[in-house]
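Both complexes shown next keep chain A, but they swap its partner, so chain B is in the first and chain C is in the second.
The block that comes next holds the complex of A and B.
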């Protein structure tokens, strides 16, 4: 392999989503859940996707793995150079787990109560034809790496014998054992208590660094985002409205919605003030406002906002924002 | 590393079934009596013919229709055969026959349900309409007709009952499997690249069968009744084979002079059907957490 090729592969993003739209058919007609989202994650990069419930975070995650047959996808999803939109289900099956891993919200539900931990952690390897002893060695190694004490003995335990935090480690081991390049964590800490949340997030951080693993963390907990991610994508009503480095986003959020989100987080390090919420509720996917979907709630709305969907423009400070307050020509100066 | 790996490989593999079994051993009260009776009945079915004190087939006209006592504990039938011996021996065909029928239609039902669950909407629709058709026809009438058409014999009756029995299991299991399919770990396994077939056999079916275990016991009780009925009506077991329903059929003509020859196999059917019915109910209470929680709330658990 030449130096050129090497550098080409290392700059290739682990995930490249371009102009992804997701539609779903309902009795009331076709509803657009995701509207032209573009996103890329480099290997080893930690991206947080934040937004209110219904903003399309989970829809995006599930679409990347093509988990719902009822979703109609258009646009492009490339994982490690392979186009997933339109890929036959057979090949998709092979790709799940080996290229993209995923962990869910509820670590108790994520484990089969009738199978031992060992059976479940080895399964991603076993379905790919790895023999049992070899798969078991790999499972013990990865469980140990993820901080499960006495991993070899615990292989024979059943899920109910594990605590919540331990179960999330097991789930993580299942997601990582086939060595994917990308891990999607869909609110992995919501069901856990605060101390365990921190452990799991630290663990994710560690794993990402050690394995050069791209991680997409989907959450609505901005407190977690600050300590974990390098970059944050903010979603609203099926669109990505801002995409910026975590420090910048928290210091000077450009989009009015992002500003509202960050101001709504209670802080311990500042003098007690009245907590500011965002007035109104997020729109239903079937009845999204025209133009910028945020305009009915936005304190800075202009006439233009009601008719024209803002395009994503680069900010002068770096990062991207989709808002008419930041037109392309001004921010490019 | 190598050491730990061998330790894992050498250790005995604990099966999940062990836990419910252990729980059953600790059962007290009525449930315990029912459980012991069910086990005794199954044992009787296995060894019954060897326990018979008299020849079950040899007729002796001079000893016909003897009342209970008199050397024959439960009397003799119209051909002078010992009723106790025949009831003990009949347990085999009645109980094991019913169990075979239940196992047969359960397998078909589970497979149909599994296919309907993963086969896509067209397969599901077709299979469920067939199932509905099966449910619409009274199963007793259909198995009567089928068994008569196949030529009256115990085998025909059993085949007919398998054919008419599976739709109930398929219907129930399809609902349960649909539910199981939505559990996070099933989706989780899919995310890890597990194929649909393996998903079904490894994750969905095992996690749906607890419902079936409960249904099995009740089904056995019910099937004993129907199998007895079919034999009684003459389309099931034929004389001289020893089956409870057939025994009642041949003894009914003499019921005014030798009631015991019909009464004893009738009682055997009743006791067996009630036992397995109650077993189903107590399993339901113990294995189905939803019902169990309800029972605990209303103070009905012991």
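The block that comes next holds the complex of A and C.
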């Protein structure tokens, strides 16, 4: 990569999400799954998005590629300067895979059981008009690069002949073969055993550095976050509540929820009597509390929290937080 | 090789099935009132003539012996002589079977051609007006009695609109020589494309009538399965790879969704041969159905057994074909046939 290209890519964010709202129609009425999330990822940056189930992290991941037709999107999603909200499906199809790749949670469910590995890995190139021999060469190369042994022979194998970890490598190869600038990994290790989890995360890290690839890792596993990401966005009840460099977030989490999450992680380097949890359960998307959605569970709640949604403000130490404990004027001092 | 294992296994099972089927039909037929020997020699025969016929037909032997003798002849391809027509049952069946085959195969073709695209459209537009309309039509189609639909079709299409012939296999003006037994083929060989087209027109209405009920079932099974497959993760993954919608449906959704439909078609095939009995008699087609009706009404045990056995063979072969198709479709089925080896 030349110096010119490097500077060009590092100034534009690979992804710029602004005030994104996602609604879905249910028999009980319209429910807001994602409520005004803004997020940006620089090219080559590794961002982790963490939160409990139902916090909207997967909704955000799937909304960026507009994979669910039942989602109503408003706000803005910009990839490489192209606005995706309202983009015609035809153009969206061309953009999927080539600008943004995606890796999913369940590596067996992510592969078509009736097609060979080769057919599936070459497909992103084939649908873009690349001829079979050329696409196959590229597939063998990328499978080899991602650690699939005897890639050339295994092209003719079927998904059920692969182990979980190998399948996730195949899924990663499918996501990367058309050379996207951004990879979204939606809980890619949840279905795998611990040793394989580590391998897959290491692989993602390696690929990100080697290809200057921006990666958004969606996870609820803070242990993975620490070793992988440069920056972390914490989500709660459809909103982003904190966004900070990984070291700062772990050292001094500003938002009470983020603090609760980090304290809930069992640690080996400290003596602990028992595991600390966050009291209560995350709210259902259809019945979110008023004001700050975290206030019923928050140990620092104030009257203001029950009525007013906190805005995202910069912290004095860097990073962003949406909490009334950190009003804009105070942190600006 | 998976296909050899699969075919041998299923054929062995088929032999067992057919023996059991033959036993059931044979013993039930001995309970049916009516003396086959008396039927064979006619109304005015003397008791001596009836006794002679009984001995000639082996009807004086114990029932179990009769069955064993029948099985022995069956294995050699000899299904006996029809008691009422005095001609070999095998040749009678050979003449009747192709007509039924044509009827059922054309019906299946119509079913697939109509049900596959409509079910796909309904599933992709789930909950929209198109889907609701198609589903309502399918419920109606599945609820219409076949005999009533046949008469209605004759009344409207042949009687009022006169766009299709009312009954028969081919118009009288065409002299059709026997080549293959298949009317569509024979008429084309004998009288050219015009005769073939004429035979096709004759077959179209009965085949459509037969297709309606079974096609509606097929539509519903396909629609449900397509919706199920659409929500699978690998469909989202394929979309995320940038696969356009048309290729997504053709390469990813449909191959995964047709499994249950293929199995249902295999079951339906046997049921359709049964329904063909009714349709053939309404449309005056000389098929297996007509042969079976005649056999029952004249207490013709050999003909009856032969017809049921041949139907059984057809059903066994259809289910074998289903298994082969499923194995061709799904590599996991092939792997299971090879005993888990890759």
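Everything below uses one rule, namely that the second predicted complex is superposed on the first by the 324 of 333 C-alpha atoms of A that agree within 3 Å, B and C clash if a C-alpha of one lies under 4 Å from a C-alpha of the other, contacts with A are read in each partner's own complex, and residues count from 1 in each chain.
Heads up, the rule we're going with is that a contact is a pair of C-beta atoms (placed from the backbone, for glycine too) under 8 Å apart; a residue touches a chain by one contact, two chains touch by 3 or more.
In this text the structure is predicted, and so the values were computed from the model without any measurement.
Visitor: Following superposition onto chain A, is the placement of chain B relative to chain C best described as a clash or a fit?
Guide: clash
Visitor: Quick one: classify A:202 as touching chain B (first), chain C (second), both or neither.
Guide: A:202: touches no partner chain.
Visitor: Pick one for A:306: touches chain B only (first), chain C only (second), both, or neither.
Guide: neither
Visitor: Quick check on the superposed pair: does A:212 touch chain B, chain C, both, or neither? Answer first, second, both or neither.
Guide: neither
Visitor: Have a look at where A:161 lands relative to chain B and chain C in the superposition and call it first, second, both or neither.
Guide: In the superposition, A:161 touches chain C alone.
Visitor: Using the superposition on chain A described above, determine whether A:83 touches chain B (first), chain C (second), both, or neither.
Guide: After superposition on chain A, A:83 lies in contact with neither partner.
Visitor: Looking at the overlay, what does A:112 touch: chain B (first), chain C (second), both, or neither?
Guide: both
Visitor: Identify the partner contact of A:174: answer first if only chain B is touched, second if only chain C is, both if each is, neither if none is.
Guide: both
Visitor: Which chain A residues are contacted by chain C in one complex and by chain B in the other?
Guide: Residues 65, 67, 93-98, 101-102, 104-106, 109-115, 123-124, 127-128, 158, 171, 174-175, 178, which sit in both footprints.
Visitor: State the interface residues of chain C toward chain A in the complex, per the touch definition above.
Guide: Contact set of chain C toward chain A: 232-234, 236-245, 247, 251-252, 255-256, 329-332, 335, 342.
Visitor: Using the touch definition up top, name the residues of chain B that touch chain A in the complex.
Guide: Listed in rising order, the residues of chain B that touch chain A are 1, 4-5, 7-9, 11, 13-14, 16, 183-195, 198, 202-203, 206-207.
Visitor: Can you name the residues of chain A that touch chain B in the complex?
Guide: Touching chain B: residues 65, 67, 93-98, 101-102, 104-106, 109-116, 118, 123-124, 127-128, 133, 136-137, 140-141, 151-153, 155-156, 158, 171, 174-175, 178 of chain A.
Visitor: Touching residues of chain A toward chain C in the complex: what are they?
Guide: It is residues 62, 65, 67, 89, 93-98, 101-102, 104-106, 109-115, 123-124, 127-128, 157-158, 160-161, 171, 174-175, 178 of chain A that touch chain C.
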